[in-house]
Amino acid sequence: MSDQWLTSLFTDDPQTGYELAIKLSRMGVKYTQPSDDVRKKLRPIYEQDADSLIASSQVIATNFQTVAQANNFWQKQ
Amino acid sequence: MSDQWLTSLFTDDPQTGYELAIKLSRMGVKYTQPSDDVRKKLRPIYEQDADSLIASSQVIATNFQTVAQANNFWQKQ
Amino acid sequence: MSDQWLTSLFTDDPQTGYELAIKLSRMGVKYTQPSDDVRKKLRPIYEQDADSLIASSQVIATNFQTVAQANNFWQKQ
Amino acid sequence: MSDQWLTSLFTDDPQTGYELAIKLSRMGVKYTQPSDDVRKKLRPIYEQDADSLIASSQVIATNFQTVAQANNFWQKQ
Amino acid sequence: MSDQWLTSLFTDDPQTGYELAIKLSRMGVKYTQPSDDVRKKLRPIYEQDADSLIASSQVIATNFQTVAQANNFWQKQ
Amino acid sequence: MSDQWLTSLFTDDPQTGYELAIKLSRMGVKYTQPSDDVRKKLRPIYEQDADSLIASSQVIATNFQTVAQANNFWQKQ
């Protein structure tokens, strides 16, 4: 995968950080299965499976923790 | 998803923080499956499945750790 | 869920902290499935399933990490 | 569960810390399924199931991280 | 496994760090199943399985957190 | 398990640290299933199962995070 998709973990606010966490989670899938066609075929399956959705949310939660730490939880403390 | 739903990780107390962790966990599902209809159809399934409930609690636990860190565990130490 | 169930992450000692972690883990289930009746029906199933018990212990482990950090691991270091 | 089983997270060395992590992991199961009889019946099942063993090692890994942090990774740094 | 494949956790930027996290995740599989032939046979299976792809992304997320911490999240804070 | 197998979390470099993480992951399995015979019987099963391999890599990732923290990520920062 040669193109640039991640230049920084810093975001303006928590929500943009959450959305970056989603991107990180999807890229983990994309690097493992690079074919757009195959991933498109799989989408309707896991999108209708409660356990797959919960597992997706788990990956996002782990990545969000990293992004939040990088941003010092968007200050205060 | 254009609307604003997460402006800060700071909450007044641990319980509100826990409830924010629940919101974060649900948003992970919602971003992956944006259709309210589909999610509503899936709810009665996973809500009656012990393993799905435990997996949900796992996602919440991960997000709660992030929220608790952001709030410096609501002080002391 | 309107009542107050979590006012602080601080506990007197590690064991009470572990028990708080268990409470946090159970509340994750309860928020997702608020019906006492349904949860009571599910209990005999997952309580006799080794994998569900291990998964429960995983959720507790994650929450215990949070509680232990909050309490500065009950000092020393 | 009224008896005292966890008074401190501090151990003399990493191996004793790892063994404490195992104890923490087992107590998560025990609190969820307090019956010695049921747990004894389940043991031969998950002990012969590779995925259950890997999942057990995952719980231990999470608890070991907590114990290692508590002990400042047994110094140096 | 005698050859050198990991000399440092430091990378120039987050994307290279993410790719190191992928390498770490794959090496975990390779150490457990060293045969190239067997791994090649398994690839078409898990690459077409949504849950395996999500689980892969979870491993990458955990390793990425480690790499990001090592790199101080590529500065700022 | 009476013999000494873990005296320190410190290693000379990241790769040796990764290999220590593998050892920690395997010991989690060994403590849960101490019989060499049973573990030997299970090996050909999970070694040919993609999901078991991914789950093994997940345990290693968690332990590697602990080892990397112990070694201050092998310096810099």
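List of remarks:
Each chain gets a letter, A, B, C, D, E and F, in the order it is written, and its residues are counted from 1.
By definition in this document, a residue touches a chain if its C-beta (ideal position, glycine included) is under 8 Å from a C-beta of that chain, and two chains touch if they have at least 3 such contacts.
Note that the coordinates shown come from a computational prediction; the quantities given were computed from them, not determined experimentally.
The minimum number of touch steps linking subunit D to subunit E comes to 2. One simple way to say how far apart two chains are is to compare their mean CA positions; for subunit B and subunit F this gives 31 Å.
In whole angstrom, the spacing between the mean C-alpha positions of subunit B and subunit E is 26.
In this assembly, the C-alpha centroid of subunit B lies 15 Å from the C-alpha centroid of subunit C.
Looking at subunit D, residues 46, 49, 51, 55-56, 58, 62, 65, 69 sit in touch with two or more other chains. Taken as a graph of touching chains, this assembly forms a single closed ring in which every chain touches exactly two others. Order of chains round the closed ring, starting at subunit E and going on to subunit F, comes out as E, F, D, C, B, A.
Subunit A meets subunit B in the complex at residues 13-15, 18-19, 22, 47-51, 53-58, 60-62, 64-65, 68-69, 73-74, 76-77. Only residues 4-10, 24-29, 31-33, 38-39, 42-43, 45-46, 49, 51-52, 55-56, 58-59, 62-63, 65-66, 69-72 of subunit B touch subunit A when the two sit together in their complex.
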